[in-house]
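Just below sit the structures, each encoded as structure tokens.
Here subunit A shows up in two complexes: once beside subunit B, once beside subunit C.
The block that comes next holds the complex of A and B.
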């Protein structure tokens, strides 16, 4: 292998693009996915505010977004993306579709994490006369925090690999570099380096996530 | 009465014997537009004593294999860069006889009317797969927007741009996405098939269109041993006739342009 063919400036830019895309997407995914997940948990049958119609609707939206292939989602969302941020190409243009793909995924994980919280906690709160908002904010979410962080880590890792497909809209990033130069142009060196960097990035993310989970589990 | 019938029979027999003596020429071709163009010249060749047999392939390797192994006489589906690459990797020596048509790349814009209006720092979207990146960059170079380190390298990448005087921001996007983002970029270099599907008419809407001298002209391809045979020469002449030019221009309305 001839490592001198590598353009480190290009690779550096790809790292920046991947981190920017996945980072901003993860932020907005949590901002949107957490309330959505909580809403699904609360409206489910036998929970705090059962609303079977609303639950079915939320569940349908989540399943719809999770089942549309990402590249199709990229294209379907072009008008919305342009309306939101003014462009549908480049790193910025990749963030809304990434969020649209990841937020429902995170919401479903949030719903599952909340279901795992001991129902006794909720009952104790109700017995003490707590309001529903108080139960959610001061009992359910703090109790579920380690699980929510673990779910965010899983989502972050998924976003790193989703971001590889953002190359279709000129988002760039490591995955795009690996596909276009490593795979399509047989530049094995580029493939090796970009894939190694992606693995490293995912490892770092998982390590940081695990540390956070551990930290909040001790209490 | 009897005499009349006799004459008719003689004529028929004569025609049949001519038909038997007509030379058969087999040609492997892609369905559109290649086979359609060949079907158009078939009657012309029949008058010249060549029975043209068109065999449609939807694959890009078999037509060359069949010709190289002498099972088919000639083929018509590829351009020179593809032929070069094929000969190089398969150890064959197939040769181009005449160029016939180009399915041209065009530079399109919703914001600009002329290429001279391109501002410094403008954004240009091009396809992102290797063959199309090279082709798009060549068109940009020929239009004077950039220069390439090696203008004859059809696999140039954005790394091979030698100068970019207007400091253009060249973005590589999925080819099918280009017409869909035309509103958001200053220029886009788009394959004709995708332009047509997005209701862009190459001859009307493109600021610049690849012309017949493009390296990507589709060729009639033969072997060294038959490229000068009378039948192949007749086919070549028919494919480059004014009638075919007219047929291409009328039928494909700029989506396919004559390359002769």
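The block that comes next holds the complex of A and C.
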């Protein structure tokens, strides 16, 4: 192999792009997915605000977005992306489809994490005269924090690999590099380095996530 | 203090049996009231109705003459702050320290004065004997310590009533006793009314003033603990007592079959328990007695004794014996 063909400057830029894409996507995923997950948890049968109609609707939207293959979602989202941020290419253009794919995924994870919180705790809060908003903010979310962080880590890892796919329609980042140089130009070296960097990125993310979960675990 | 009028509750979907079937009862100020029953008798539903964690289908519940059942969901949180509750499985917030758990109901009630909250928490932890553990997380505590935190938390907003939902059922016997002692201490020091449910007769005996026996959603027997304990009328009460060592019907029948003379059950309550009444009776009547079975102890603060005796004599000696017992004010039943 001839490692001298590598353009380290371009690779460095690709790393920055991937981190930016996944980072912003994760941020917006949590901003949208967390309330959605909480809403699904609360409206489910036997919970604090049972609303079977609303629950069914939310659940349907989440399932729909999760079942559309990401490549198709990328294309379907183009008009919306253009409307939202003016372009569908580049790092910014990749964020809306990434969020559209990851937010429902995270919301479902949030719902499951909240279900794991002992119902006795909710009951104790009710008995203490807590209002629903107080139960969610001061009891459910703090109790579920380690689980929510673990779910965010899983989602973040998924976003790193999805962001590589977003490169396919000109999103930039490591995936874009791997496809254009490594695949289309048969520069195996680029392929090896970009994949190695992706692995490293995912490892780092998982390690940081695990540390955070451990830090907030009181069991 | 608490008045329950005719409450009923049926869970949808389950078989026709009602969880609660026209229950009425009253609990006085400062009283410790116990509800005992087997699992599935409806006691958990009953206590959860008292702070409307469960809403009865019909009937009314009053706390200090305020009809709780007439309150809207918006008004419930305020009234619930006047009712503390402790749970079998403690239900502490794992993500908060002991002190934060105790402070939690105070912050829920809108206490913004941090220094006052800290003072109140210190006071409560001192009351339950956990002053040194304020910064620990619940996961590192023993069951008894967790229940102490639960009790401190329940008392934080100075409730008028404390509800105890099988508070000692998940604890070992020694820890159970220490928690019962704590509840009794709180009842006396703060004059706090306590309603508790349990399936253990020993809890009723060491803590309660009055008791109701629940079976299939109905109160089958109720009254002062000494009465219910020493003169159970309902079969369910008797079988609950048999589990805590009192002789049941089968045992009595076996003893009656073996006895040659009259068989009597004598009951002493209060100071009489410690007087030599049986030997006096023996001297007076010239009869000899055989003690077949008996227990002497205390029900809460009241000493009691209950003896099953056989008079070594024929049946014709019975009237004289009964007269002698009556003269000494000894409650007696002729078994055979």
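To be clear about the criterion, the second predicted complex is superposed on the first by the 217 of 219 C-alpha atoms of A that agree within 3 Å, B and C clash if a C-alpha of one lies under 4 Å from a C-alpha of the other, contacts with A are read in each partner's own complex, and residues count from 1 in each chain.
Just so it is clear, a contact is a pair of C-beta atoms (placed from the backbone, for glycine too) under 8 Å apart; a residue touches a chain by one contact, two chains touch by 3 or more.
Note that the structure is predicted; figures quoted are calculated from it, not measured.
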| item | value |
| --- | --- |
| Fit or clash - subunit C, subunit B, common subunit A | fit |
| Touching partner for A:142 - first (subunit B), second (subunit C), both, neither | second |
| Angle at the Cα centre of subunit A, taken between the Cα centres of subunit B and subunit C once the superposition is applied, in steps of 10 degrees | 150 |
| Touched partner set for A:121, first subunit B, second subunit C, both or neither | second |
| Which superposed partner A:89 touches (first subunit B, second subunit C, both, neither) | first |
| Touching partner for A:9 - first (subunit B), second (subunit C), both, neither | neither |
| Contacts of A:45 with subunit B and subunit C, given as first, second, both or neither | neither |
| Touched partner set for A:133, first subunit B, second subunit C, both or neither | neither |
| Minimum Cα separation, subunit C to subunit B, after superposition on A (Å) | 48 |
| Residues on subunit A lying within both footprints (that of subunit B and that of subunit C) | none |
| For the subunit C and subunit A complex, residues of the former touching the latter | 51, 53, 76-81, 83, 85, 87, 89, 91-96, 104-105, 107-109, 137-139, 153, 157, 163 |
| Complex interface listing, subunit B residues touching subunit A | 125, 128-130, 155, 157, 159, 171-174, 177, 180-181, 183-185 |
| Residues on subunit A engaged by subunit C in the complex (per definition of touch) | 118, 120-121, 123-131, 134, 138-139, 142-143, 145, 216, 218-219 |
| Contact set on subunit A toward subunit B in their complex | 7, 10, 71, 74-75, 78, 82, 87-90, 167-170, 180, 184-185 |
